[in-house]
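Some structures to go through are shown next.
In the two complexes below, subunit A is the common chain; its partner is subunit B in one and subunit C in the other.
Showing the complex of A and B:
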């Protein structure tokens, strides 16, 4: 909030003042005189976005308060780091990125309202934001109506595609299928027990997983259970798991329930070094709350782990820790959040413009070679080509990379045969 | 459903499922006891109950960190000290809240709902600012992890047994304090008739403050114990509040025995249904049953007989 300029002056007056005033006197006040050397504003901004000769404004829209703050804090941190780094490297089209941060407060109508405020009042060139599918579904009609650009970082259930959204996380088939193939091959797994939180993402993901297990892997789903968000008691379902003795427990439990589930699983004597468990909802962030000792041995299916051993990641992790503290951990979604501002910058430079229509058209084919996960490319359907990786949780809360697909997996938000 | 399993398998599962039900029962009793005192005895609708629990959880987390840094040798026993500190911290906060906020609202019980809801939001944000938005992991001593192997196929979670023991202990203490001690008699006298209690020389303001503090303190202990089975984050308290009110209201607000009976019936219904149907279905059916019974008996399972 404190990043919001001139809070006292509202709407049109403020905008005029900003636009007019920024051109001349601000240049002398800027700490970095290098900004302002890009192409003329009238060329790169034909739709009245908040772009001056020296600055361009983007929005950050996440929950800094409320129940989702646990998860979204990492995304906010990653996006701020990316913006800082881009500015240090000369900005976008010769302009410094300035951001306005709004709080979605874990409330979906608030997300829609704040998105509208960012697009209509602040005229931001792009929004980095949303986390849950519910918040994205609330914001989607707003960015489509007012023609904004949203960079969405979370792995999600798919079944969506928009000109106005770039999905920097995995859609469901990218996240799940390769992981299931791997565990079926590696562990000879034939029977699966699904347990998830009761909302759209786990249900859609499990539907896809079930089709894959039954039709492709010729295995069997011996149980499929959902618990309301926030449930803290899992002893009954753990007994069911013990009774059905599945080869693999496949989980997409989220939030506080996640912590309860793994603590009780451990307490019930289920040894994850013997019982294979594959999760698509636990990253390094979640392990912070669960405790490494409760989940060590479990497999997670992600595209990024903090422990990845490549040159990009070796630069990214120390930079992140330097800005946000030695103890912070970086999970899959945090990394995907970091991609957003960079992909936007690269797209702007390819398009030679901040105009949303040009950005949307120029996005397919954009490559980001410095991505901490290795390399990503934007597909025609505005999702990313990326690898699927399986990691094994260790006592210290980090993952050890066990498997990664040889090639980038093509995003397929509307998978045929899985509906 | 059971055709493919041997008798031995089924036997051990039913034993373990019985334990699961008992553990759920103890969890419900433990989280509802504090509220049963505050809501049941004082009529204050304390929406911040969950946040008092989480204060206990954070105290436990801090104690565990302190022991790890300064007294690693005594780490295996830190949990007992943590529970006492949790009781004191939540109790002290409860006393402060009563003095600042609640005592002005005794004549307007519905307003306590709004006031304490606001308090819960403030506490959540305070936890977020102090401890960070992310959840913290409370490390437990080794002996509290894992399970007891009763036979080859029957395993009972140690933390569950611990919670059960703690629940029994606290219930006995509370029952003794409320029904046998002089102070408990004063509390009940104030509840039944505040003016008359004052007239016979009971310091009602002091009784109120201590009662509220006791309820909050017990919530703190519950929160401390729940670090073994659940999450510790700024909003974790919200996970418990609905179930807690459900248990207390269903049991009949003013009755301790009612709270226990209601915790028992709800937990057994739920864990049995969870086993035979599914998690989300069990919740629906349990809530339907509770609503149905409350329609027939609006005063809850056990109601205090009073002259109207």
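Showing the complex of A and C:
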């Protein structure tokens, strides 16, 4: 297929493109808008990226296999949906987006290797990818060395800022502080118990939460416990919770451990309609595994819920389900993944170029008014201004929106007083 | 004839072919990116080579070689990380001059056991000695008590699991699950650009051949024959007055040191070290490389490692969602159809034809131990 657009590319690259195209019958089934009416390739691409008169290539780099596949699949789906929609609307600078998907296989060095392949061999104009902090930390030196552009969708711990990365999820202070303020006010909470998975994101998030609880809310942290990734035994910490009777259980347990944690919590007789629990790690995707009946009543604090009631989201959710099936659910990170290609498109159009340096420079101030979460804008520090929302988990696995901040919260990856 | 301590003629030809393949053909045919991938595969070849010695010849199946690969890799990564964490590179941190992950974990000064890793000499010694001594301790504890076979394999798995948990748990000191990323320079020499990768590749190939020669030397020495004898009839060797435990410990230590050298090269080549190379799964994968290559063949181990990793990369590039099935199928096919791996295929199907071609010119001699002709891709003559 599509021989003509590939003309002039060297053969290895061309083979890759064909392989990418073969993996994507979807694009070929779409009604084809005419591409090729954009500005000349020599103008928009001065650094040798994979841009032709009619096409531009981007990379998608997530785990399609391994333990993280269950979480990352949503991001892959969202990014493909966004690319398809952008192509249907005429593409970027008159060019159709073509993507090459690589599998990070839940293995951080593989992420680094594949990122390098996308940048060096395929010369992609941007990479939508990574999920865990570990994979991002592995990829970051690669995108900086080869001057690529990475759109990273996950909420994460902050303490990072790069010219070559746009963080479309929330950094820790953005996600946590408003939620803590709300629960302290709403529930009169003074004592908190922290439970997290043992790696950088929960540890950093809890550090920020602890400083906020102690210094701003004048409350107390009565316990802080960490469990190895994949751990399934939470009985001892549940006993401690019953002993210390905290006003709020604050959790950032990730992945499959959540299933065990909430089931054991329920089995131990902790009633989440009476015991306040605030999680920053459970999205609709995780509830799919946990089961709505095990977590109903818990509060989650993030920027997006599938149930959000706004015009953008009402268009986004059916489009997503139409492409990927009625049963799919859309979590916070999936939505953030959807923002990546759109923000990149808008930035390319503002910069009038695909060149990474120009994209990096043009990114601050880019607004995406059709974002399912409402409205987002890229900050000088390459993070997004976004609202923080609190939702309460319902039996059907969806969240009911309880609270949202009135204004967009400024991203602050290096928060003073929280380090 | 060319028989000597290291090799005989047909083995020499095998080694020369591999040398030409790695030193001339691959660098000419591949771009730097692919060559760097080959370099990454070859770091595992060190492990596979060690496994040939300790599993193929010594009969000690270790399912924990990732431990030694990891120890070697972490030693090298600690040195590189310290160099990358100069005060000016880390001025954004609350404590400049220490590795970034320490800063995230509220550690405010460099821990004592990190200090010596400022020195490259110490690091190189540590790459060899730390895993070597560790293997010595495990080996002495196990083999002196005559723990062997399956029990030993299980214990090595446990060690791999323990070390992973330790590394992940002590993230302030080890970088945790993220590992040590963003390694940049070796004594001021940037290891990231393409030309550095090429230099490192040739350096690594050189090291690999040194290890191959050491393995060949062990195999052809009396020591090698005792190892094989021990593998096949341990009690007879013991009754003959040899200390079986010491020979086993030796083979295990050699395997560990080879793996550690591979790990150190990995840290240099990839600029990265993480606990995902230490645990049970990668350790088993390393055994698979050896099995695919043929556990009795020194050169087979190198080819096996390259083939499996090449399949892994190319399958995952072409079929991001299905590649694991393809890889699994490949393993099953190899194990079912060719129990002696690539070397076995060579042995049974290719070598006889070559022999037939040559035999018109030269009568075939049948010296050497019987094991050898079953054993190797390039049988002794």
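Simple rule for what comes next: the second predicted complex is superposed on the first by the 387 of 419 C-alpha atoms of A that agree within 3 Å, B and C clash if a C-alpha of one lies under 4 Å from a C-alpha of the other, contacts with A are read in each partner's own complex, and residues count from 1 in each chain.
One rule holds for everything that comes next: a residue touches a chain if its C-beta (ideal position, glycine included) is under 8 Å from a C-beta of that chain, and two chains touch if they have at least 3 such contacts.
Keep in mind that what you see is a predicted model, and the values were worked out from it rather than measured.
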item: Partners on subunit A (subunit B, subunit C) - clash or fit; value: fit
item: Partner chain(s) touched by A:191 [first = subunit B, second = subunit C, both, neither]; value: neither
item: Touching partner for A:47 - first (subunit B), second (subunit C), both, neither; value: neither
item: First, second, both or neither for A:307, with subunit B first and subunit C second; value: neither
item: Subunit B versus subunit C as contact partner of A:237, first or second or both or neither; value: first
item: Partner chain(s) touched by A:263 [first = subunit B, second = subunit C, both, neither]; value: first
item: Touched partner set for A:116, first subunit B, second subunit C, both or neither; value: second
item: Partner chain(s) touched by A:105 [first = subunit B, second = subunit C, both, neither]; value: second
item: First, second, both or neither for A:285, with subunit B first and subunit C second; value: first
item: First (subunit B), second (subunit C), both or neither touched by A:181; value: neither
item: CA minimum distance (subunit B, subunit C), superposed complexes, angstrom; value: 5
item: Contact residues of subunit A, present in both the subunit B and the subunit C interface; value: 64-65, 198, 228
item: Complex contacts: residues of subunit A adjacent to subunit B; value: 64-67, 69-70, 73, 198, 224-228, 230-233, 235-240, 242-243, 255-260, 263-264, 266-269, 285-294
item: Subunit B residues touching subunit A - in the complex, by the definition given at the top; value: 5, 9-10, 13, 16-17, 19-20, 23-24, 27, 125, 128, 132-139, 145-147, 149, 155, 157-160, 226, 228-236, 238-240, 271, 274-275, 278-280, 282-283
item: Residues of subunit A that touch subunit C when the two form their complex; value: 12, 16, 19, 23, 64-65, 101-103, 105, 107-110, 112-114, 116-117, 120-121, 133-134, 137-138, 140-141, 145, 157, 159, 198-200, 203-204, 207, 228-229, 414, 419
item: Subunit C - residues contacting subunit A, complex; value: 31, 33, 37, 40, 92, 94, 101, 104-106, 165, 168-169, 171, 176-179, 181-182, 184, 192, 270-272, 274, 276-277, 313, 316-321, 323-324
